[in-house]
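What follows is a single structure, and I will ask about it in a moment.
Chain lettering (A, B, C and D) follows the sequence in which the chains are written, and residue indices restart at 1 in each chain.
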Amino acid sequence: MLEFVDTAAEAVSRITDGATVLIGGFGNAGQPMELIDALMDSGATGLTVVNNNAGQADAGLALLIKERRVAKIICSFPRQSDSWHFDEAYRAGEIELELVPQGNLAERMRAAGAGIGGFFSPTGYGTQLAEGKEVREIDGKHYVLESPIRGDFALIKAYAADPYGNLVYRKTARNFGPVMATAAAHTIVQVDEVLDEPLNPEHVVTPGIYVDTVVGIPTGSGVKEREEREALTAGRPKPCMATKTAAELAAQK
Amino acid sequence: MLEFVDTAAEAVSRITDGATVLIGGFGNAGQPMELIDALMDSGATGLTVVNNNAGQADAGLALLIKERRVAKIICSFPRQSDSWHFDEAYRAGEIELELVPQGNLAERMRAAGAGIGGFFSPTGYGTQLAEGKEVREIDGKHYVLESPIRGDFALIKAYAADPYGNLVYRKTARNFGPVMATAAAHTIVQVDEVLDEPLNPEHVVTPGIYVDTVVGIPTGSGVKEREEREALTAGRPKPCMATKTAAELAAQK
Amino acid sequence: MSEQTTEAADVQAFHSTDTPLTQDELARVIADDIAPGSFVNLGIGQPTTVSNYLSPEKKVTLHTENGMLGFGPQATGDQVDEDLINAGKIPVTELPGASYFHHADSFAMMRGGHLDVCVLGAYQVSATGDLANWSTGKPGAIPAVGGAMDLAIGAKDTYVMMDLFTKKGDRKLMAECTFPLTGVGCVSRIYSDRAVLLLDPSGVVTVRELHGLTFEELQERHPDVRFEKAGA
Amino acid sequence: MSEQTTEAADVQAFHSTDTPLTQDELARVIADDIAPGSFVNLGIGQPTTVSNYLSPEKKVTLHTENGMLGFGPQATGDQVDEDLINAGKIPVTELPGASYFHHADSFAMMRGGHLDVCVLGAYQVSATGDLANWSTGKPGAIPAVGGAMDLAIGAKDTYVMMDLFTKKGDRKLMAECTFPLTGVGCVSRIYSDRAVLLLDPSGVVTVRELHGLTFEELQERHPDVRFEKAGA
């Protein structure tokens, strides 16, 4: 049943030790920072986390890993210049890693949400990451059998939620959010705006059926969105619009 | 390469004998009537058609079947009260039928568009429609292996196209359109509105990468859309909004 | 997705009345069993009438497999819009909070188990919950399945709404279905004019309500099915 | 999807110059080979520079796998928006005609073969088009793959942009890759400072261009690879 709560702490309060948690975001875009911080404060441990990365610097997911609260991580790109907490935990053998190509990661969660038992993906065929997996040649092309990834919880960031739990996202912050919302038994969303009116039904990206808990938390996304709306209202182009092409910029140099 | 053409005849002119043609629509909603009529006039024959139904009454797809231009149909619901042309062709053994549950039909086209070689679906397990197909038990649940359905062409109806071929749809006329656009080598779209300005990138349903040929053809959808916009501009509710709930209507009786 | 609890209904002890339920009464019984906040798909025909008894306070959202959540009653007059129809191809209305999506997303929603309840008609249902509702298997008949097989296995709970016997008096609750199956072990409850029955994989049928039929008559008409009274 | 024709480029007869191409010259060669109206994914790093040579008249649309078609140059000043980044996590701009979609849709677009060209860097490429660009296989190294394997097999054509030899002088075009593979038989062309090479499953490498390297030197450095001059 859909609930709107007031704090990130309340939003993540159901997450128990040992849960599988899908965490949205690609880079900072769409990363539910405040929900991750609240998960940190909640004390839940022994978690399996699904995220594109394995934490960066000294914040969010990296701190969860530093504190050894993540038993296993399923991700596509754990090693980054500032993934020192993951690196240390991994080298100490204190975190399990399942490395999954990014598209298979998204598609495996999509399969979980869509009730698909498994699917043949061409990605990774003939590589180390397909070792031990069933392969099959179909119409002359090689595929690897991939299985669904389900979450007990999803923590995602959307831009706005209407009273029915319908969600819209903002630019490339959409990334994993809509897929993770379908793949988790309980989806927790932080949004910049909690709306009083329903969204336009044609514009809804994640229907409310996939949403369980919503918490409004203003972030920089809201600031940029208001700048963009002001520009449009004033008849100016959106601030993020390219003013020159790459070719023109290169020629300038 | 994206092209905008002036007539339905031009739009379907590349379709050759023996082609597999995905045709959108569920009921009248989203059915590309004018494109189907143009396909009829084009003379292309020996077609494999993928559509939810097998034609109704004496129009569109039913006429293609009447003229024995459809060698095979892949659909979920051929038999309707007014599917007499299909019924006759089928009983005469002059059309091949592949009956596919509606959700598998959509998912098989989605798989084609998404480069998935096959997938395990729970739908149809233990039924006649799974006979001869590979089955597998995964985590205690039974699944049937389903294969992609690809089209040489898709004929779909969207509501509007922008200069980049980006599409939006209207209400439940969206149905099979976005999926078929991804599953065909060449996607032909009829729209009520050909826009001069780009669509809002957040609202695009089918990105232009999936669109090859666009033709503007005004239909009743445009009339209803303008009524709706006028109402909204005047601060009235959309004409299609429910004024009473089903319970209230039932109580009235 | 909502975490539906139908416990209140499940623990209802056996009860009976002397006369069969009318179709409207039956629709109301089903509506009463649907938990507030549920997402529900009502099949074409008789199941559609359940919506007449879902009060707005219950905040039940209706799904139609042709790509919409949150549709309202049948459209009339100016409301009619050919682009806004339900799975029965009947023009419907839009309710606040509605959303549109394409066919693959719509069936993913169903197949992924996100709907709480689906109410369907049936030719036959077996004691273990097998459903037959798409074909009577007549030789020479042209087959058509539509979304029946997807609906049967998609929701968390699949309810069947039917008469317990055919007009000819044949039984429709079977030890094993004789008509071609739509889905295996998918029906959790039968709501019929004469009985409300809870099914599970054991094949022992729990009888929650009888209307115009005694427990003994029920057993006599279905000698190959084992029944137990609810709350007994 | 667009029907890309690279025939014009393919039939180019062999030609050579005396000095290796600079990175900018190489980027321009690749850009010139991309057909007007193409949908293109440029990998992180050096491949990104190809966009500097794609004139607006060519109407090439750039895809980034984190969910966007139609992004523009790197954002500066007020343009910077943390919600608008490319796969390298660099803030970019929006171009007219852009669209946003989620990760599963984005990789479906790639995996489904809808992109015309993907340009990637490489550690090694085999004569039959195997690609190694995600891991040097060093023991103890922490593996990370990102979208590399999806990109390698997704586009209609996968081009590799690299130096023909490492800084240490080791060859990168191999009879068989010694580093862990990213994809099998997926690379159709190598664009390098010293050679433009067309690959196919036969393993015979067609040499379209040489820069500061003779055909004989190329053969000598790759004795286990069979080369043929283009248009010969």
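As a working rule, a residue touches a chain if its C-beta (ideal position, glycine included) is under 8 Å from a C-beta of that chain, and two chains touch if they have at least 3 such contacts.
Small disclaimer: the values here were computed from a predicted structure and weren't measured.
Looking at chain B and chain D, the chains that touch each of them are A. With chains reduced to the mean position of their C-alpha atoms, the one farthest from chain B is D. Each chain gets one centre point, the mean of its Cα atoms, and the points for chain A and chain B are 31 Å apart. Averaging C-alpha coordinates per chain places the centre of chain C 54 Å away from that of chain D.
Work out the mean CA point of chain B and of chain C, and you get 28 Å between them.
Chain contacts: chain A has residues 107, 110, 114-116, 121-122, 169-171, 201-202 touching two or more partner chains. With touch defined as above, residues shared between interfaces to two or more other chains in chain D number as follows: 68, 94, 96, 100-101, 107-108, 110-111, 154.
Each chain pair that touches appears in this list: A-B, A-C, A-D, B-C, B-D.
Per the touch definition, chain A reaches chain D in the complex via residues 26-30, 76-80, 86-87, 90-91, 97, 99-104, 106-107, 109-110, 121-129, 142, 169-179, 205, 220-221, 224, 238-247, 249-250.
Across the complex, chain B meets chain D through its residues 1-2, 110, 112-116, 162-164, 166, 182, 185-187, 198-199, 201-202, 204, 207-210, 212. Chain contact summary for the complex, chain A toward chain B: residues 107, 111, 114-122, 136, 138-139, 141, 143, 147, 168-171, 201-203. Contacts from chain D toward chain A in the complex involve residues 51-56, 64-68, 72-73, 75, 78-79, 81-86, 89, 93-96, 100-104, 106-108, 110-111, 130, 135, 140-150, 153-154, 180-184. By the touch criterion stated above, chain C contacts chain A in their complex at residues 1-3, 36-37, 39, 61, 63, 68-70, 94, 96-101, 107-115, 154.
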